[in-house]
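Two complexes are shown next, each including subunit A; its partner changes from subunit B in the first to subunit C in the second.
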Partner chain A sequence: MRRGAVAWGIALGAVLVASITLAVTIGPAEIRFDEVWASILSHLGLGASPLTELRDGIVWELRMPRVLTAAAVGAGLALSGAVMQALTRNPLADPYLLGLSSGASLGAVSVILLGAALLLPLAAFLGALLALGATLLLASALGRITPTRTVLAGLAVSSLASAITSFVIFWTVTGDSYREILSWLLGSLAGARWPAVAIAGIALVVVGIPIMFTGRLLDSFAFGDTSAAALGVNVQGTRWALLAGTALLTGAMVSVSGSIGFVGLILPHAVRLLVGPGHRALLPLSALVGAIFLVWADTLARTLFDPRELPVGIVTALIGAPVFALLLARRRADA
Partner chain B sequence: MSGLEAHDIRVKAGGRLIIDGIDCTVPPGTLAALIGPNGAGKSTLLRSLAAVEKPETGEVSFEGTPLLSLPRRQRARLAAFVEQDAATELSLTVEAVVALGRMPHLSLWEARDAASRTIIGESLDAVGMRDFAGRDVTTLSGGERQRVLLAKALAQRAPLLLLDEPTNHLDIRAQLSTLALLRSVASTGSTVLAALHDLGLAAAWCDTVIVVADGRVVAAGETAATLTPELIRRVYGVRATVFTDPVTRRPVIGFGEL
Partner chain C sequence: MSRLAIALSLASAGLLLGGCAAAPANGTDATVSSVSIDNCGTTFSVDAAPERVITIKSTSTEMLLALGLGDRIIGTGFQDGPLPEEWADSDIPVLSEMVPGQEAVLEEEPDFVYAGWESNFSAEGAGERSELQDLGVDTYVSPAACKEAAYKPAKLDFDEIFDEITEIAMIFETDPSELIEAQKETVAGIEPDDRGLTALWYSSGTDTPYVGAGTGAPELVLETLGLKNIAGGIDDTWSPFAWEAVVDANPDVIVLVDASWNTAESKIALLESNPATKNLDAVKNSRYLFIPFAAGEAGVRTAPAAADLAAQLSALSF
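Now for the complex of A and B:
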């Protein structure tokens, strides 16, 4: 890895830590930067919190878990996006490509309507995996599994799951659950508390961090499967393991945040502009930039029209769609 | 004799045997040409010999080590393979591409050590691409890219080197320097087998030839003794005359009418 990439990593790591604490200070109740740190340290068993119980609760029970969830989800989605783009050799691939998001939505909407909202993360996760399974099954039914077939199969499964979700909403939704479902479909971190931090954090550490070390493997696919095989890479095994890994990671993230678009699609491209397309630098830096981006996107989502909240998915789409258009224009200019 | 030895290779594709029981050997320290008409099965055979694709039946061994059953990374330390016309859309630098050749020697999280960096530099020097180290590989010409891929294979430091049409897209000077490079690699004790379309290059540069047609070996052996007008007529259906170059004492092939 080039020295430039290491420098970027250290700089972005510092920006992330600063962003997290800064984002916690922002909100209706004014809490200073140093108070946030004192509160964090007190909860880690170092000294007493200078804040009143109420204000300490705002920091530790509301804002902190929400900001941390945003960071973990952003990191997971951007990382998954970078890996998906490499595996499918499609620069426009995103973590939801293989039907994951529509499957998760179907699972989530079903349990919300059944009144079992506690099961939502589990149902969303199972929905995502089920959709992935259906996608891969369909892709293999079309013949040998290739990136193109996988993407096409994902499109078919995605459309079907979306249609069923729409049907279920159309048929059964009443006023109360409507808002809840809508905010979930658009992606929202409003309900994120410590259990959400745990789910997203564990997924990031257990699945995400090992994936960050596969950069050299992904580089070896640059000249095609045979070329990778000649370097001693287990081509099929690597492809399946990474596909399953990103699916698990994305499924876990979707289960706590709903489907937040554009993070996994756009941010890897931004990182490529910084350090080039080599995956050894691209994967960890995408995770860092994704975390920073979603922390600020969510801060905007909860403060822009205070006291009303926007689903963060709207914010990422409002930023992401124009950037996406720019990317397409750049590609056209290159070609 | 050791070196590369293959026995009874059969490869099926689409229900048809495209490699139909091939036996062949390349002695250590020699440069061998794999020749034959289009569709003879040269590329398929090379992929089997490099053990990147398992044949239906058969055994491949190098210096007595069976390649097909060897763990992948160990195999990649013994055998390097340069594919025909491999291209990429990933804008890696030339140096990063050549560095991929070190993969079989490094674990996933291991950084490149000084020894690897030296080998990468030497491999770039060997193909005359040191000045291109920082260039984006997607901006290179076909010939330049071919040389970078050869450098990647050299960086593997494998004693067996297999190449599919390494002179494709190259101008005459680059063709000759590629073959000179392959011969110098062989002269250090490596075993080199290259599929070649150009019979003239095979005749002028290679120690031995393996001639395949319709998935079978039709002739093999020392170059001058094997590349006879009769063989060329039988395999390619063209009339040829074989001379001896008065300077190099190597065979030269002249082609007449069909």
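Now for the complex of A and C:
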């Protein structure tokens, strides 16, 4: 089992590297594979770029940061989803269910419309944290915090945050700039440049990697709060800390990509099919599969209707919803 | 042209007139004529020239002003920007900055609502066309903006715009010939650029640029200027585009649409700060053409806007 997980880890890591290598060579502009990689290597200090300054810009300023952002966001969202499913013991939990994404969206849309785009990541963090706080406060107001109460509270908070977001957009958007907001709400990586790589990458390293090592802790949650406490886990403290961590991670990802759906929900399930429910393997593998999935979903989004672009959230939902239905059907067969 | 020919009938005389030039006789009160119109699939007949008109978007307001019908406008909504200088002192009440709601429209008791986009007529907007019609309010959408397959222009040309002028003039029982002649003269006066240049029509958007594509007013204007649209292959009026495709095409000039909410300056700042676009020839050499947002949509400002852009273009050196 453990050896199997390691083998999967190595295999998926290789697939991720291959995916990134290949995805940067695909796009509306026809640039040969070897030229793309010569250009990338030149930016890493190896040799000279064979491309003109402009075409070099396509590779290094547009495609590369976009593909890397997709990988980081996919990893972050899938990881957040896996953690939330464990903490709430609810297979339908993900950052969306608990209102974090809606909260992050509200924070981000508000500062965009106020013209303070520089505060975007901060506002998304705060929005996600506030939404999480509201969800947990509401859940505790209903009595002892249970998975069901948390999910219901998350639904209420998420509806409210979405309504306020819609209200803000409705009142302030003029002319045809609503398109920008719309593609943002659906999730899009079209605007991902190096600063986005920095935000998503730092969040993944600083918040995501420590979370990846909490598998043993999460395993103890699988049998209920009481048995977790019996194993010596500080149940409430751990839960709050991990939820705050996923809020930070989600906020960072939403601030660079908008609300991309289904990544956090379905990919942990897909990984469970591969390696079973143990979280020590599930967390890092979910991050890898999430990264691979979003790299390809975004490659589809920018090439399917070339030279037009599709918000990547549409692609993830179109792929994710049927896969999720299959997962549900399989769970039913298991039961 | 053909659509108009079908639409036009003089019921009292039982005559079918088959041409654009055959506008109803101006000012003769003897006309008990009824004009039937098929506009984007909505049909109605006009027995008398509308007196109380609400216009939504700038193209409709400007169309009526250009035909000397400004006194019929009782209110405007969702104007794209300030009126051109020649009409700047016309005192038209503004109903709403955005699309006015159904009740706000009906409260003014209009007999005609003239909109620039089909989407302006919706339950959330000025009201469904059929519902307004049931209440005795005729509705009209700029035919260039029709979205139904049978009505959407395959590719906009100036005749389409002149047809709209003729049809509106017919509804309002006025003579369009002076305006159309002036427009034709303006178009004829434009010398297409023969330097074989390519262009991007940058309308809005930051992460995903929203650009003039192959079938609408932007394409018509660019072709009139002798410019090749780098997004001309997309079968749509406007379309989302990709920065990668822009950089790949490296257009010789960039047309910047200037709107209060998305200014030309903000677009220049974006183009110059984005590491991928700052090396575009047009950006490095500041080869920009400027057009106000309201002039970028099909209407009476299309021809003058093309002439204005032509003058800007001829001043650029390559």
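To be clear about the criterion, the second predicted complex is superposed on the first by the 323 of 335 C-alpha atoms of A that agree within 3 Å, B and C clash if a C-alpha of one lies under 4 Å from a C-alpha of the other, contacts with A are read in each partner's own complex, and residues count from 1 in each chain.
Everything that follows uses one rule, which is that contacts are C-beta pairs under 8 Å (C-beta built on N, C-alpha and C of every residue); 3 or more make two chains touch, one makes a residue touch a chain.
Here the structure is a predicted model, which is why all the values come from computation and not from measurement.
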Partner chain(s) touched by A:P195 [first = subunit B, second = subunit C, both, neither]: neither
Which of subunit B and subunit C A:A229 touches, first, second, both or neither: first
Which superposed partner A:G276 touches (first subunit B, second subunit C, both, neither): first
Partner chain(s) touched by A:D219 [first = subunit B, second = subunit C, both, neither]: first
Subunit A residues touched - subunit C or subunit B, whichever exceeds: C
Partner subunit C, residues of subunit A touching it in the complex: 27-30, 53-55, 57-58, 61-63, 174-177, 179-180, 183-184, 188, 190-191, 193, 302, 306-309
In the complex, subunit C residues that touch subunit A: 80, 97-98, 203-208, 210, 231, 234, 239-245, 247-248, 250, 259-262, 274-277, 279-280, 293
Subunit B to subunit A touching residues, read off their complex: 47, 50, 52-53, 72-77, 79-81, 83, 86-93, 96-97, 100-101, 103-104, 106, 108-109, 111, 149, 153, 156
Residue ranges of subunit A in contact with subunit B within the complex: 1, 89, 213-214, 216-217, 219-220, 222-224, 226-227, 229-234, 276-278
